[in-house]
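Residue numbering begins at 1 within each chain, and the chains themselves are lettered A, B, C, D and E in the order written.
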């Protein structure tokens, strides 16, 4: 067994970093940058360690387990009432790694932020802490705690460092997007909130400890009644149709690193929540409601893909493609079979890295051109071959090209789905084809063709950006070519999930 | 009957009375002393008294069964004195700039604290009522303390007239209770009610309604809340802070003691009323707050909303909910104080109190802006800050009593509240400062210290409330004897 | 044989090395790619030798070796590995050889190009993927490679990235084949869910043993066939191939003639036992192949771009291979040579003249003494004139069709296509190398290509000339195949299938081809007066052929008016209904309630007091009502 | 006899109260208030609580009413007649107070009130004093606090500051 | 004077106090002058006192808590009037009116 201190450090380090940054004077921008880069690197290393040190042959249970009692024997709480219980299983481990990768990338990409970069990184680290905390928590209270921590900095991150855009038919101000994102996400957590209350009350154990609650067998009717709360509550964060609109608008307005984290890890929290709270806690409820989720997920997949084909803004397109891809995650979860859920978790990882890469790329062109309208660009490849290369790589991953991570994940999802809902799988694969349509549409529109002289001032990506992109790309390839390290960990846990056959 | 007439129980109250006298005397007889020193003296005195009052921890004694000094009282003693100390410190600059008679100002704050403590400690109706009036009278005066500000006068008049009106209602209710049970002791009432003289039930109902109206007015529960926004807006800003903290908390201290001690046996007769008030408060407070432009009015409606959350704990009154309620109350007070310290500091520096006037706070006073953000997040119930934990526990306690629908309204309105808190934050962080107002502002060290200390308090409640919650749990145990 | 994975590994190494280091390598590293490819080509022979020896010993069943790639114990076990048998071997030989030749050729053709290193990197990647495709022992790896060759194809079609048309063509190629791939993927998944394996041999066994429910088997077969159609550009997914000519010509030769486009044929050959089990499947395949053949033949008549004509001839050939359904391996083999030859010839012409409109070329015979005859050989082989390789291969197909249980209409249709093919090949040759010089300026500049380009032409020309003789057992035996080449390729247990000539068909086809050639030569001789008259005579047909039966327009309509329009509708719905009404509407409604509540606050004391009293009265009323 | 006395006093109380709330002239209203409060004192007498009656007369009759009249004079120098309330306000007031009254009446009607407590022993001033300073010392102290606060407050608020008018 | 309890039922006092209280409420709701509003509040407080005394006499005469309570009520009422008048005067001095309809700058 490994020490749980490593895991708790994933939350502690960013929180301490945020607190430490408060003390740095505003003007010392480089100190902030270097400090954050070092923190990010440390977290990345830590995440790698946690992921690779997770032992496969132990039946997929929780490792790196640690428990610090936090609030107990008081009020309605009994022993271990609320404890800082941490541990990762085979599902959380890849998510921890994902967070490490994306936050490292995000921190590096944010190097060029000049405006109050101290504040930016404080909020950034709080966000990262929240994400790590959610993935690591084995306590219902702290799960929700960190879940909200992850949402909390989003408003300022978007509203202060984001950008407003004007489109032919409407305008998206950053304040609007930030507000919508925050309000929608917090609204969704209302349902989780109530669900948690119900679960706690029903179990009557006086504790929020998840493992204790997992051991309790909830009445079937209760499960059916409460599961939708978790499903929709977490689903909104996962971009569940029709509660997805916060996501594309949020992307459009967010600064690069925030978009990366937002699509890269934040949306994963939702799907992760469905597993942790929904499936694990209320398996019978999950079994009962999953056909409904399958319908919604299919709508997600197809709807997102269709929407994406009509977008002119890079970020909108990627945003809607995220909706579509997160739909695949939900689809995988809805199968309730090992391969499908495996695929869903793989897709979470894959989409996280891939979309982070997307946004990193969009950021590098937007920072120079101050527009993201793909119709205005043309022949970018001649000026920015690296940019196009990485963008293309991410695009191909999202298309589901083999040898890239997207394929492994989508394939599992489709296989899993096909077993139970062939029609949904067929529609999903059809949407994967639409993905090719919009990715290539963008490609041929903006990257190829005669170079538009208006953009002669554009420069190739900086070395820092290339490095970041390479990091992300490396993981796309790693998972695409050799998925075993991921699949071994995930499947070992998934096969033991209750209700998953 | 063997009654205990131990006057040592009142040492903290006597100290406070003495302190008030000292402050007034200092103002009167030493005019050359800088007036801000008065606030330090008052705050120091309050702090010392708070420490002294700690010596009654875990002692359960009453004065003639009228005035209990148990953990509950001790808790609120410390809480109220702490709050008063903060208010005194925070008002220093304001009083110097805008108000006259600083001695009386601080003296009244201190005396009002006595009233508030009395409300928490009283186990008898008359005492409770008189304590309430002591607090109220002080507040009437404090609200209209800005004599030359017609808004302050107006606020004072409204508060006073409506306060008198509603205290008459309250009294009528008390008189009926007295008629129904023949006692003014909580224990006597409880005993009479559990003896089950059901013929009285309609009078009892009427009495409960009227008492709730009176206390509802005190804590500003809808529909008895109408004075709140006006009084908040008109009052000197530090008094607004005081109104939103001690005044409310004292109301709840009384409510808990009264309903826990006297009316718990007829829980079914009133719990739904409080639930209704809670729902109405949460909804109206948070909805109307959406439309506000003045920060004080906004805070007024926000506090109405908060009252709704707290009432939720009263509706399903039990030991657990009471603990949760007091925990939330504490978190709310600390947070609100932090927020108001920021607002006061900003007001002192800029003289403005519209929400749009907060623009550029991040540039001009980063510390204040940071605290503002933290406090607003806390009020909205987001984690890392006090509001999340306390609200979570409060709502959980309420749902344990079956009030899922209330908790539902509670969380929905929390989200609504997040919207207007974020609008404030938007001005502070996103909007650029106006032309020519870009220079850094120098926040006095006292205010800086207060801000930091209160924010640490917010984090303490939010991040590790075990001791606090245990203490509260110990305190609320005495409610139901 | 068990080490066959080395074959794709070599070009993969080339790809990685070039991708990372090509800017710093001398000549951008083309030598590296060529050397690695050459090694791979060389390594085919030991493998072939092994297989041949194994067959000689009897009981050869193909050699597979695989490793775990993704394993969820008890649920899914994907093993990646190689499988070597005769079909594989044919493909390996073709792929490595053609790739090598194209790479050599490209040193001349692509010289000085800005992205020279990238070109070699992608061609290496393509070679690797194609080799993986043919070596794959399981459907998933096959799909893996299938998609990757598609990617390389797309990248190379869009190689001239400053041309919008190239980008569009690349997009079209990828999306169109992707439609087929969707089918393939679903087919694979269906097979997996029914058999719990991806291993091709196991699946085939189960299919033959009838272990797979009929309806699923049918679905899988049809869907996989759709994949084959996409990749091999069969009707109705053929539209991308002519446009793919936007890529550099060597690429057209390699990918869009010799190797990638026959992947569909390869897939069908690989899955033949499964296809044959399904009722109606062979008929479907034949029908699709025939349609493609006819469309391509007629459309080829009217094209103006030299490469497009060859592209249609490719379609034509692919159609034939489909018609043959498994008996087309010889055609596949020889087609690779003569079609690569044709394309490289075209490249030579284009390189020399900088022009690819046939209307502007002409009279190049003397100017290009090597290219022209080689091109002629290729054209004649394509037309199927005896004794060029195409003849024998085509004869094989005709015999197969004749002997098969198919309707005579099939045979007649195929026969009809023969003279048409001959006519447009003749037209191509006449317009390019003979006839009058239309553009003196172009003619002036024309010159023979450098050796690096000519030698591959010559080699391919030789192969196109003699490749067909493999059909004779004697030749096969002389090369060391015990039962002749055909026997080697097709039959393991049932004994060698002899090459037998159906004289009627043989003579008939020759007559048809010769008459076609003659007619073509007459039509386009000199100033090509007869052809103009013919075109003027029936403008309808001319336009129909020239516009490729308007199939592209149909697609364009489907994409623009259905898919993209649906996308726009969904996007507008999302904006207007979901967001502006659903999300913002909720917010505004909430705000409106606040607005109503706000104005209850009148500022007047009596009103406030009234609220208190009303509150009390209401609560009391409820309480009394509840109690009373 | 007792009943008649009660009816008389009740009539005075209620008519006086009605006068307070209905009469337009503010000074008359104040005089009606005196009448009404004296009626209340009569009720106290009826209930054998003479001490309270005395207090009532002294405080209300002597102090409060004078104070009120004083205030009226100070604030309404020009116009001692109050305008009638707006119809909506009046309607609301009538409806609300009638509803409240109905509530009280229902309550009275529905509740069984205690009877026959036996003989009332008049309570002496002594007893009241002892109780106030002994058992009820705490409320008494607090009440004195309230008075102090009111005193200080009234002075602070009403005091004419330097430079004012 | 003979005992009241034999002659007059307790209800009469409660009805009287109820009516008085309601009239007071009506006054608060309908009067426009702040001083008159205050007078109406006094009526309400007196109603309370009547209640308290009546209950004291009828239910627990030996403890006479109600009478003590009534004394406190009267005390508070007096203090209230004093304080309120100070505030009214202050308002009048600043605004020139004691009409509560016109004191409505703080609203919405």
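Keep this in mind: contacts are C-beta pairs under 8 Å (C-beta built on N, C-alpha and C of every residue); 3 or more make two chains touch, one makes a residue touch a chain.
A quick note: this is a predicted structure, and the numbers were derived from the prediction, not measured.
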{"item": "Fewest touching-chain hops separating subunit A from subunit E", "value": "2"}
{"item": "Chain centroid nearest the full-protein CA centroid", "value": "A"}
{"item": "Winner on C-beta contact pairs when C-D is weighed against B-E", "value": "B-E"}
{"item": "Cα-centroid distance, subunit B relative to subunit D, in whole angstrom", "value": "31"}
{"item": "Gap in Å, rounded to a whole number, between the CA centres of subunit C and subunit A", "value": "37"}
{"item": "Length of the line joining the C-alpha centres of subunit D and subunit E, rounded to whole Å", "value": "4"}
{"item": "Subunit A and subunit B: spacing of chain centres that average the CA atoms, whole Å", "value": "41"}
{"item": "Per-residue multi-chain contacts in subunit D, two or more chains", "value": "85, 89, 92-93, 96-97, 100, 103-104, 106-107, 110, 113, 136, 139, 143, 146, 150, 153, 157"}
{"item": "Two or more partner chains touched - positions in subunit A", "value": "183"}
{"item": "Sequence positions of subunit B contacting 2 or more other chains", "value": "126, 130, 133, 137, 140-141, 144, 147-148, 156-158, 161, 165, 169, 179, 201-202, 205-206, 229-230, 291, 419"}
{"item": "Which pairs of chains touch, using the document's own definition", "value": "A-B, A-C, B-C, B-D, B-E, C-D, C-E, D-E"}
{"item": "Contact footprint of subunit E on subunit D as seen in their complex", "value": "1-3, 6, 10, 13-14, 17-18, 20-21, 26, 29-30, 33, 36-37, 40, 43-44, 46-49, 51-52, 55-56, 59-60, 63-64, 67-68, 70-72, 74-76, 82-83, 85, 89-90, 92-94, 96-98, 100-101, 104-105, 107-108, 113-121, 123, 127-128, 131-132, 136, 139, 143, 146-147, 150-151, 153-155, 157-158, 164-165"}
{"item": "List of subunit A residues in touch with subunit C within their complex", "value": "169-170, 180, 183-184, 242, 244-246, 249, 303, 306-311, 320, 337-339, 342, 378-379, 381-382, 396, 399, 401-403, 407-408, 411-412, 414-415, 418-419, 425-426, 429-430, 432-434, 436-438, 440-441, 443-444, 447-451, 482-484, 487-488, 491, 495"}
{"item": "Residue numbers on subunit B that touch subunit A, as the complex places them", "value": "320, 323-324, 327, 362, 366, 370, 373, 377, 382-384, 388-389, 392-393, 395-397, 399-400, 404, 407-408, 411-412, 414-415, 418-419, 422, 425-426, 429-430, 464-466, 469-470, 473"}
{"item": "Partner subunit D, residues of subunit E touching it in the complex", "value": "1-5, 7-16, 18-27, 29-36, 38-40, 42-43, 46, 49-50, 53-54, 56-59, 61-62, 64, 67-68, 70-72, 74-83, 85-90, 92-93, 97-98"}
{"item": "Residues of subunit C touching subunit E in the complex", "value": "598-599, 601-606, 609-610, 613"}
